[in-house]
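What follows is a structure written as structure tokens; I'll ask about it next.
The first chain written gets the first letter, and so on, giving A, B, C, D, E and F; residue counts start at 1 in each chain.
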Amino acid sequence: MCLSVPAKISKILPDDMAIVSIDGVSLEISIALVEELDVGDNVLVHVGYALSKIDPTEAKRTLELLQELGSAGREPRS
Amino acid sequence: MCLSVPAKISKILPDDMAIVSIDGVSLEISIALVEELDVGDNVLVHVGYALSKIDPTEAKRTLELLQELGSAGREPRS
Amino acid sequence: MKYADEFRDKTIAQGLARAIGAEAGPRRAYRFMEFCGGHTHAISRYGLEDLLPANVRMIHGPGCPVCVLPASRIDMAVRLAERPEVTLCVYGDLMRAPGSQGQSLMRAKALGADIRMVYSTLDAIRLAEQVPTREVVFFAIGFETTTPPTAVMVRIAEKKRLRGLSVFCNHVLTPSAMHSILENPKMRNIGGVAIDGFVGPAHVSTIIGTQPYEPLVEQFGKPIVIAGFEPLDVMQAILMLVRQVNEGRYEVENQYSRAVTRQGNRRAKDEVSQVFELREQFEWRGLGLVPNSGLKLKRAYAGFDAEARFAMHELRVADNPACECCAILRGAKRPVDCKLFGTVCTPETPVGSCMVSSEGACAAYWTYGRVRDDQVRRLS
Amino acid sequence: MKYADEFRDKTIAQGLARAIGAEAGPRRAYRFMEFCGGHTHAISRYGLEDLLPANVRMIHGPGCPVCVLPASRIDMAVRLAERPEVTLCVYGDLMRAPGSQGQSLMRAKALGADIRMVYSTLDAIRLAEQVPTREVVFFAIGFETTTPPTAVMVRIAEKKRLRGLSVFCNHVLTPSAMHSILENPKMRNIGGVAIDGFVGPAHVSTIIGTQPYEPLVEQFGKPIVIAGFEPLDVMQAILMLVRQVNEGRYEVENQYSRAVTRQGNRRAKDEVSQVFELREQFEWRGLGLVPNSGLKLKRAYAGFDAEARFAMHELRVADNPACECCAILRGAKRPVDCKLFGTVCTPETPVGSCMVSSEGACAAYWTYGRVRDDQVRRLS
Amino acid sequence: MSVKDYHGKLDVENGRVDLSHGSGGRAMAQLISGLFHQAFGNEWLARCNDQSAFEVAAGRMVMTTDGYVVSPLFFPGGNIGSLAVHGTINDVVMAGARPLYLSASFIIEEGFRFSDLRTIAQSMGAAARGAGVYIITGDTKVVERGKADGLFISTTGIGVLADGLDLSADKARIGDRVLVSGSLGDHGVAIMSTRQNAALQVEIVSDSASLHDLVAVMVAAGGRGIHVMRDPTRGGLAATLNEIAHQSGLGFRLQEAAIPVKPAVAATCELLGLDPIHVANEGKLVAIVAPGVADAVLAAMKGHPLGCDAADIGEAVADDHKFVQVATSFGGGRIVDWLSGEQLPRIC
Amino acid sequence: MSVKDYHGKLDVENGRVDLSHGSGGRAMAQLISGLFHQAFGNEWLARCNDQSAFEVAAGRMVMTTDGYVVSPLFFPGGNIGSLAVHGTINDVVMAGARPLYLSASFIIEEGFRFSDLRTIAQSMGAAARGAGVYIITGDTKVVERGKADGLFISTTGIGVLADGLDLSADKARIGDRVLVSGSLGDHGVAIMSTRQNAALQVEIVSDSASLHDLVAVMVAAGGRGIHVMRDPTRGGLAATLNEIAHQSGLGFRLQEAAIPVKPAVAATCELLGLDPIHVANEGKLVAIVAPGVADAVLAAMKGHPLGCDAADIGEAVADDHKFVQVATSFGGGRIVDWLSGEQLPRIC
């Protein structure tokens, strides 16, 4: 549910619109729902709207944690 | 101009309508424009309306005259 | 087909042809104009000119309502049909009639306008009942023959309260056109030679009767013979005209007595006068503005008048200068005299209206007679 | 694809699987409900169940807005679309959603209704501008994620004075549904065994934040972990749930911190509260009438409310009695437990809504897992 | 749990085509196997390939295609399905060939009734079987409502030519006789009577038929003396003879009185302002034959049920203008041109 | 007075098709000769018959047909005309046959621009010449505005089979390898990018191409070891493999990681909620080949410009359920079903 894809803002347009790009695809979306977006930011796109900004620090943290949990799991504890 | 076809009234319908027939073709027409029509009468049909009744006596007279003129013509006078 | 086949008899035709040949004195030329396209059609379709003697020449008159409709009226209809709320109902003949600059209803339809061919005003009523939210406009054309069905439609629409139905009226009057032809000395004397008489309208006359032609005969001294549209009718009328000319008479004679009376069809005339009234003038292709020659809806029926309802602007469109339609409709030239005939102008790409309807003089020549170069008898 | 591919890593997944296997004590069963179809999709699409230990069982929740939409609302939309003046704009997912008696928007469209698929409410605005004489109605569905774009559309329509545009509102609220599931003892204890925790919504939470789940955790003592829709997100969340259960905690934890905050998206929430207000109750397929679970347009925006504008009647439609959607949406049964699954009910001929959207529990099983008969682990 | 069969059941009685039946999914497979295969049923279709293979002997083959867009789809004497088979078979046999195989491409407007589609498919199957021909490959597309007119069918036919026969529109010779296999305009008038005007009732059924057998009989009687054969479909006899005149570089002179036209067809044409010589036929042929074999071919035609009203209507003549001329029953002459544009009913 | 030529001039730059161009009159002849013959120009069409004849040697032939209803008519990488030639040639060559001749049936909505029609016809001519194939017969119908979607084309192809080759969907054997000739979904995504949403821009062109030459190279390398070939068009790879699985009575097991999909195609599919495995291709093929020849065939494919991204993506396995299964890159497994109904963009 709530199909949504991460995409990078490549251009800010007037009237709360922007162009995002993902792997050679670009899409004109509304950014009316998200405050303070800049070119280069990554957002979650849902039905042609940016829903929220993706926080790169948090993403990195989660990935590091996943890697840690994954490697920990490699040597079964019990 | 004013394409129109002789047809015979085969049925009188309500609301000034009638069915005419011509050689296996039947057509529903308006007879609003012609007074006192009966089944069996022949009319001139134009754009779905009877325009006038064909007078059988006159038709016969014209045909006879044509035949006469035609035969007269057969022996050139001058 | 009863009352048709009998009047197509080959043997009688040959006899009649000999009679005409015998009675048309060899020392003079006879020039008769058949006003109606229906007669033109019969002449071409049955090859009547092959049967007539060389000194009897038929001149094709303006008797096709599509041919005389000016480009401006087609343009107006196209503009009307382009309105999104309008469904325009037209007789099939009109689909290819040329407006200005290559416009036609066929083309407007291809570009998306909602244009429907109808066979009868009854179809337009049916359609208006089916699509009550649409503006159904009937593109009314035709002479006195075709006007009463339009009048009936308006009266039915009134009775049934069909608010969506209206009429773009282009009905025209035959005697006015004949008067205009006769009154103008250029037209009366084509190539310097007068028209000797008229084969008068068949189905127009079933409505109006023969009486309206009587003043014309009086005023201009030319015989008129009302004739049916079957080939024997036409031949008999020609013989009757030859006789009038030979005898120095100029009368209205009625060859078509099986369908035409002196008074015409009273009921039909009443319907028309209920709904329509004269326009001061109306434009005819080839004849220009002719006074008292067109009809419009009476004020009482203004609600059904598309010109009022859609505030349609009158347009003026110059005819294609190379097109000789005008001269041909006047009987001053023949289709083969037009440089465009058969090259630029064909039934697929009509320039003038005479090429549009198959009754049009140019189309009839194209379809039925275009090889007979040898028969092109120019006016002396 | 950045921020997606990294979270689909096979090696990490295997490590995580081992970690879950290690931490989920073998002596107890773990039953977690993933509320969202997005999680259900990830589980099926990537075959996550193959990786989880046998005593960790995922229960598919009602988290697909198409699946929870009752037949009555589809029927209402069909009736609306059948009006000649209406153009109904819908998200593609809805086209095959089953109304009563085999009705669907797809079928209505095939029968002539003017129904257009749109990708975005921006498309509906564009359409309304293009066809100003039509009544363009946007069929709004979705959870909190999809509601703000509808609100923006209404506000733009107001600003641009798009009189032809309106909304048939079917937006619903996630926490209310979770509350309804937890409050009902039958649901809380499926087959006599309690749900041990929830994988909480991803994109819904980007809007509403994690805070709205806190009262649920307090009231019912069940852990909730908000998780992203990538497969590693789901696995991490499962591990986090296992740990909470093992440690006797019940907290709202946020695995999806790269996109979700505690407060959520203030601007989006403001847009929604400008335009919408709570309905007293709203029908959910499978859950029945749930209080305070749906939105409607505020009185100030009544002009944009299709239900008011077209005086739409509320309908009540009984679900197909053989369909187990209801139990499946509650997590009480699995698709394979339904007698119709795969025989009468397939994605081509869906009976219940769970078969309609590919995120629906039945459709996901059909597409991604229908052979795994051996994996059908019934509740003990 | 039982796994759904690949060949699911179609609710033919009540169902309608929707977009899913054209999008390469299971619904499409169900439509094809449940409806078309059943109606056309043959070994080639059963293999469910995107093409079908067949053996041929060395020789000359012919290929032809036509799209069928008739409205209404059902008309007195047939429907679009029978027409799509007859018409294409006729274009094969007009070359003097024996028809072998057909392909059929369906373009369907969403909302079309399965039951109508079945009737049409069954008519196609019956028409094909009647001509000993197999529909061995096909295609189905569904378009959105309002983007087609119910159903369009394009069929392609291939056949094998009898040894030594080379019929072509450029083979007419001066002096050749013009034969027609029966009355003209029946199909066009049958269609117009259902379409043009609800008020018009004509006792005419379409002549739609496969002429393979009639042609076989003619070829047996006339052999290489048959120079051209054509089925006068769109544009009628006028278009066909004008085409041949142009291709062969000569003219035609016809006797109007000899051209068979049924009274009801003539009457309908008078009413609508049309000429029967321009009206479409779907089960008639025109043959241009050497004068030496004309009588034999005509006799053979008259002996066949589809040629019982056959007539010798005129001859090929030298004519730089390549005109088709008609000596009218009235004694005059006229030129029969191609139809100008579409055939429109007229009022004047 | 000069008599109008039979081949009149068409105002291709400004003109539009109207009903007269489909009604068997001179306007139609002008359209056909002025536009189609010019674009396809070959000796068969020049004879202006309703069918065309050609010589064949004894042997096996194949016949196939497809209707093309693509919207938009012009798309990145081609148009409906090139597509209608490539697609039908591909169905011929998927049997291992050499394509010979095509027929083309046009159904045109009135109002269609001549200039667009010419572009499309020229693309068809170019595509046919590129494959050494001739469009030898055709048909043109015009329907009223609102009764079609601009232009539909149905093409039928015939070809001749190499000796001994008998490819068919029922010939897959357990253990066979599954080869694809390149990246999947390019055509469908190119179409969707122009149709679905004005806001979406994708740097993808349709893969539309004729595969005759690629197949020739494959047959040279694999001979009878090639069991099945199919072009995964509507319904994509999923539909094609499900069909073959059903026809051959086995299953397939694919490696998701091995399936070539371009990043832009994958991204568009994620955006619209679609699966590339269900998306249409128009210049790709799937070959089911004996394991012994798989490497040789794959190497031959990779050596051809249209097969440079070819890949071995899995194998045929015994499976009573006849399922197509994919081992996901993530380590799990899933079933790839036929597309359910039409491919609709989703929001959830």
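Everything below uses one rule, namely that a contact is a pair of C-beta atoms (placed from the backbone, for glycine too) under 8 Å apart; a residue touches a chain by one contact, two chains touch by 3 or more.
Treat the numbers as computed from the prediction; the structure is a model and nothing was measured.
Common neighbours of subunit C and subunit D under the contact rule above are E, F. Of the two chain pairs examined here, A-F and A-D, it is A-D that is joined by more C-beta pairs in contact. Homomeric contact subunit E/subunit F: same residue numbering on both sides for over half of the interface positions. Distance from subunit E peaks, on a Cα-centroid basis, for A. One inter-chain figure worth recording: subunit E and subunit F are separated by 29 Å, centre to centre, where each centre is the mean of the chain's CA atoms. Centroids built from CA atoms put subunit E at 37 Å from subunit B. Here the spacing of subunit D and subunit E, counted between their Cα centres, is 55 Å. Residues of subunit F in contact with at least two other chains: 3, 18-20, 25-27, 144, 146, 197-199, 263, 266-267, 270, 273, 321, 340-342, 346-348.
Listed for subunit A are residues 1-3, 5, 22-23, 46-48, each touching two or more other chains. In subunit C, 1, 4, 13-14, 37-38, 64-65, 91, 96, 106, 119-120, 122-123, 142, 146, 346, 348, 357, 359, 370-371 are the positions where the chain touches two or more neighbouring chains simultaneously.
Put simply, subunit E touches subunit B in their complex at residues 197-204, 262-264, 266-268, 270-271, 273, 346-348. Every residue of subunit E that touches subunit D in the complex is listed here, in rising order: 1-4, 8, 16-20, 25-27, 30, 110-111, 144-146.
The residues of subunit F lying in touch with subunit E in their complex are 3, 6, 18-20, 22-29, 47-69, 91-92, 94-95, 97, 101, 103-107, 136-141, 143-144, 146-149, 152, 154, 156-158, 161, 166, 168-170, 230-231, 233-236, 239, 243, 246-247, 280, 321-322, 338-343. Across the interface of their complex, subunit C is touched by residues 196-199, 263, 266-267, 270, 272-273, 321, 323, 325, 328-335, 337, 340-342, 344-348 of subunit E. For subunit A in complex with subunit D, the touching residues are 1-6, 8, 22-23, 30, 32-35, 42, 44, 46-49, 51-56, 58-59, 61-63, 65-67, 69-74, 76-78.
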